[in-house]
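A, B and C label the chains in the order they appear, each numbered from 1.
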Amino acid sequence: MAIIERPASDTLTYSDMDAAVTATSSYGYLRRPVETTGWRSWAFTVDHKKIGIMYGVAAMVFFVIGGLEAGLIRLQLAGPEGTVLSADKYNQMFTMHATTMVFLFVMPMAAAFANYFIPLQIGARDVAFPRLNALSFWVFIFGGVFLNTSWFLGGGADGGWFMYAPNSDTPFSPSNGVDFWGLGLQIVGIASLVGAINLITTVLNMRAPGMSLMKMPIFTWMAFVTQMLLLFAIPVITVALFLLMFQRSYDATFFSVEAGADPLLWQHLFWIFGHPEVYIIVLPSFGIISEVLPVFSKKPLFGYPFVVFSGAAIGFVGWGVWAHHMFASGLGPISVAVFSVSTMAIAVPTGVKIINWTLTMWGGKLWFTTAMLFAVGLIVNFTIGGLSGVTHAVAPSDTQQTDTYYIVAHFHYVIFGGGVLGLFAGFYYWWPKIFGKCLNERLGKWNFWLMMIGMNMTFGPMHIIGLQGQPRRMYQWTEARAGEGFFNLGFWNLVATIGTFILGVGILVFLYNAIFQHRKEPAAPIDPWDARSLEWLTTSPPKPHNFDRTPTVHALDEVFHRKYEDVGEGDQHEYVLRTSLEDLVLEEERHADAHIHLPAPSYWPIVLAFALPIMAYGVIYTAWLIALGAAIAIAAMFGWALEPADAEPSDFDPPATGGESSSKELANV
Amino acid sequence: MSDTKNDTPDNAVGDPEVQDDNIVSDTVKEAGAIVKDHLSDDHDHRDAHDEFGHTPVDEHDSHPGAHHTSLGLSNTKLAMWLFLGSECLLFGGLISTYMLYRNRHSEGVGPDQLWDIPFTSASSFVLLMSSLTMVLAVSAANRRDDRNTKLWLVVTATLGGLFVAGQVYEFTTFYREGLGYTESLFASSFYTLTGFHGVHVSVGIIMLMATMGMVAKNKISGDKAETVEMVGLYWHFVDVIWIIIFTLVYLIPA
Amino acid sequence: MRDSETGTSLTDVNLPNARGRTMGFAALAAAGLFVAGCAQNAPQDTTDPAGESAQMIYDLSWPIFAIAGIVGVLVISVITFVVIRDRDRGQPIPEQTHGKPILEIGLTILPALILIGVAIPTVGTLMALNDYDDTECVVNVTGQQWWWEFDYPVQDGCGGITEPIVTSGQMVIPADTDVLIRGTSRDVIHSFWIPRLNGKRDMVPGRVHSLKMQADEPGIYAGQCAEFCGLSHANMRMEVVALNDGDFETWKANQLEDYESPIGEQALAGEAAFVANCSRCHQVDGITDADGVPIVSRPDLQVYPGAAPNLTNLMTRNTFAGASWDLIDQDRRDEVWNADPDEFGALYLAGVEDSWFNEIDLREWLRNAPLKKPMYADPLQLDETDGLYRGMPNLALSEDQIDDLLAYLLELK
């Protein structure tokens, strides 16, 4: 890993903070891309904060794409015998909607927060492997784009995101859509796996002095559990996807029933991954609101160790419940009973979290910013999703509900209510940290209420539609099966469609707020929310090296305890502001570390990542593209391995005057 | 993870916590303390937990230039362990697939007809021996004995190469006897499982040769012994996986 | 699948029916409203059981819905209360406490206890639902893209069946009888689901899955394939028709009657058109060619997976093409679906008559089937499916041929 040392003399002068570093032009093309401005500073960066922002932007783009797909689906289903989409397009639409939302929006958005805030929350200068971090991001981007190019190359995948065999096999899904899907997810999986290894190492190894595991901010904890889940879940789906690819593109047999295959193999492999995936989606958001609630309640997280251990418990038990997606698959009553009971068991740690969040607010001093509203919204909606989950943990009951809109309602309350609302809480809470400006609060409240009403109008009626017997994944529903009473499918389908558009408007308000309005906002104070955790102990936005001085941690909620002092006596507590965060940060600047290591940017991550989709196109179209991609990958790996630890002095403009150190500052400090 | 050689003392200042031998028990202990802390109604958070802080040890491992880490385990080594953990699940999935399909083949081209146990035992033995030579390479690297490190790395790679050659021979034979990989479920899952393993061994050989080259040219920027050890970790893992595959695929009768 | 020993014993202790109800009535007005509101609901209403298995599921699940509802209301009320009470009114910073472990542990145990209470009846019901010992009648169900085939093997059950009966779209069963369904699939995974009679069960190619079905009263019960099965998944429906024993005997006898060529001129022309255009895939039992040799459909190998619905006695059914379209007109349909249990049998057995024949949909179907129901049947795009048709192709019949065929098909009863 490239580590660059900043000469000591620079540490005390901040006057040239924004002086741009440019690369010299007179040397070979392999000089390090040391620019700190322009597109190169983003494309070749290894700074976890820049990578985090890029993750966020990319995920947001995919969110919009996935949202448009959802809008089309709901338009099609607004009335009976919908004709907005053909059957084929509809099937592609719901497959790609789910795939996009899960793999290209929620997961990378959580990765964006994890990337940005884990190092800040544990007092590190960067992640453990900055170049691998850049690799993860670029692999994810190229994988996501590759997956979506299928729209222009014969249509997207049409087998549902669960892609059950044998319906995913060539005779049943003849277009290349499923090939794109399988290969795209393998690529995105590599990104997740590399990211998981990187972030786990970061959390375990890069904590600031004094920050034991039980003093780690809760978001870091939950992100850590998420990465552990990814570490073990990704290889399982990779096996499944590999077998699918091997069968479709190279005629191996794994799922063809004529050859004697058991179609349930795919289901087991898929759901062994797929269920932990659910927790991969929601745990980061749980972490975010577990940060937001204490801050805006002015109280520590209630039962911090319980929240931590319940998160870890979810991480473990989450591996033993996968077959509850298969209660109707014909597993036999014994297996179904076992998985039914284990599924109920996982409701306990989940319930613990809801109780702890509520008790965090209990007796607090609640400040309803937009972030707080989203956090409370999450508790409410996730509670609904969790409880409807309990109703189909009951296996016999589930045989009536599975594959109906009741399930669609359930998991949208979990994923949207429990996952996406948490991400939005994170946007509003951390925006000033990331960009130095708050999002507009007035627009924020509009955003919140529109989303809240929209989501409940969209997904609430789906409980009814499902219990009235409308199965999922039907490109049309018919008047003949719609019924007439209060619960008739026609009315509630229409309500759901209207709700979707309200939800969409809510998201547009956010996009307007984030893209346009936020520019007009004044600079945010350094401590806009009276925050509690370590990421606030630096400027906003943070300097490239995060902390001027590596902080030493004494307590959970370190920043709160640095700011406030308890002057009460005995059982009486009275907290007075002893030092403002401004002063604390100035204090850190005064005692800045003399030598700050920062990793040097590199070309190789993006080059290596670029090789993967080329190989994937090769698998679908022609073998020589595989060879080309492999050649690029090997070249990139050699370049990577041979890249010197530091940028050469000659990489800079003007070239660095060499001292005893061969390295030179890179960042604009 | 490599580093510049000129790690200054400044960097070590204020590193109270390095070695964290038993992270799990410490964490549990600490959680217990938080609970206890509340039971005894003691809310002085600033100092309440210091007794559980970790002994400040200024120990930069045995080699210069190592980065300070919270666990005292180098980042790369930790990452390698995590990667291998993930690999377990990968092979778990492939092995399960094979075990499900091992009996689903056409008449006359199943394991009973094809396996040549003595041959595969011999090649397994070769791979097993390569683990031994790998240990010797690591131990030589720890002694900073470059000559022997290089020697044992080459021997290990050669043994690995022999194993892969054996596998190629075996595949060719099976193919001649009518077991193309598209032939049956058994064939597809067998070739996928052993093929994945073969690719892992081949990657290992490349890693061994690259390490050997880097040791020879003194190109390793970090700690030599650790780099060799890392390759060793991977190599032993691949060996262990083979022992499982050999047992499940070849030895247990279908 | 059989676990009769434990199954029975657990059944006895499960389902605190009476107790649960007394408890629940007061507790959840909302659930009551829900149940009441369901009277005229969709034909696939899952909360309106009409058979033993569905009833067991319903008896198990509604108290759980009630419990979930109560917990939900409680949690949301507490949150609302806190949000209102504790909002910032300038109160001092509260005590920085991480909580009270005893409270924590209590609040962990409480949901655990509730869930144990839920788990026990769950397991009991599960075992009972999978106990097939007392079934008296067997129907084989086969899913195929995108229709269901039902065949009644020779058996002593079902009042005795001496020759196999093959039908599709509508499964006729004797009412108040436990029917064992043995299901599989010819291509991809389908799921057999008649919500008012039982939960769903996936029908997986290469495996045989069982399901018990029983309808308390004569009537027609709607169902829908519930596992996504490709292009026309939405058009893969089925209906279970329950008849009382006498009517069921009549139905059986009718199904096993010998085939007779029609008398009318147009219908005879239609028979010829059928033999020429349809009989390659569609079987009509007993039909012979000019030499008196029985015609057995040998579906083109190009039709994946090599079968098409058996059309013998087509007009005794009310639907065609995966039960997606009716053979009877709307008024007649309403009459049949809303009939009293006593009158239902006669109405159903009347089949399709000229006066209520829904010609429009069938005509459109014959004119261009893949236009009406999306199928992989476009000859121009068969390279995408390795040359395999899935579903009925456009036969390019002339309007005259269609008229003849309609006249002929109307005679098949």
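Note that in this section a contact is a pair of C-beta atoms (placed from the backbone, for glycine too) under 8 Å apart; a residue touches a chain by one contact, two chains touch by 3 or more.
Treat the numbers as computed from the prediction; the structure is a model and nothing was measured.
Chain nearest the geometric middle of the protein is A, using mean C-alpha positions.
The greatest centre-to-centre gap from chain A, using C-alpha centroids, is found for C. Centre-to-centre, using mean CA coordinates, chain A is 40 Å away from chain C.
Separation between the centroids of chain B and chain C, computed from CA atoms only, is 52 Å. Chain geometry summary: the mean Cα position of chain A and that of chain B are 29 Å apart.
For chain A, residues that reach two or more other chains under the stated contact definition are 260-262, 304-305, 556-557, 566, 573.
Residues of chain C in contact with two or more other chains: 95-99, 101. Contact of a single residue of chain B with at least two other chains is seen at positions 34-35, 43, 45. The residues of chain C lying in touch with chain A in their complex are 1, 3, 7, 37-47, 54, 56-57, 60-61, 64-65, 68-69, 71-72, 75-76, 78-79, 82-83, 86-88, 91-99, 101, 103-104, 107-108, 111-112, 115, 118-119, 122-123, 125-127, 129-130, 145, 187-189, 191, 193, 195, 198-202, 204-207, 209, 222, 224-235, 237, 304, 324, 326, 333, 374, 376, 384-386, 388, 390.
On chain A, the positions that touch chain C within their shared complex are 86-88, 91, 158-160, 164, 166-167, 170-175, 257, 260-264, 297-306, 328-330, 332-334, 336-337, 340-341, 344-345, 347-348, 351-352, 354-356, 358-359, 361-368, 376, 379-380, 383-384, 387-388, 390-391, 393-404, 466-478, 480-489, 556-557, 560, 564, 566, 573-575. Residues of chain B touching chain A in their complex: 1-4, 6, 8, 10-11, 14-17, 23, 26-27, 30-31, 34-35, 41, 43-50, 52-54, 67, 69-71, 73, 75, 78-79, 82-83, 85-90, 92-94, 96-97, 100-101, 104, 181-182, 184-185, 187-189, 191-192, 210, 219, 221. The part of chain A that touches chain B in the complex is made up of residues 1-3, 5, 128-129, 193, 196-198, 200-201, 204-207, 209-215, 231-236, 238-240, 242-243, 246-247, 250-254, 259-262, 265, 269, 272, 304-305, 308-309, 550, 552, 554-557, 561, 566, 571, 573, 593-595, 641-642, 644-646, 660-663.
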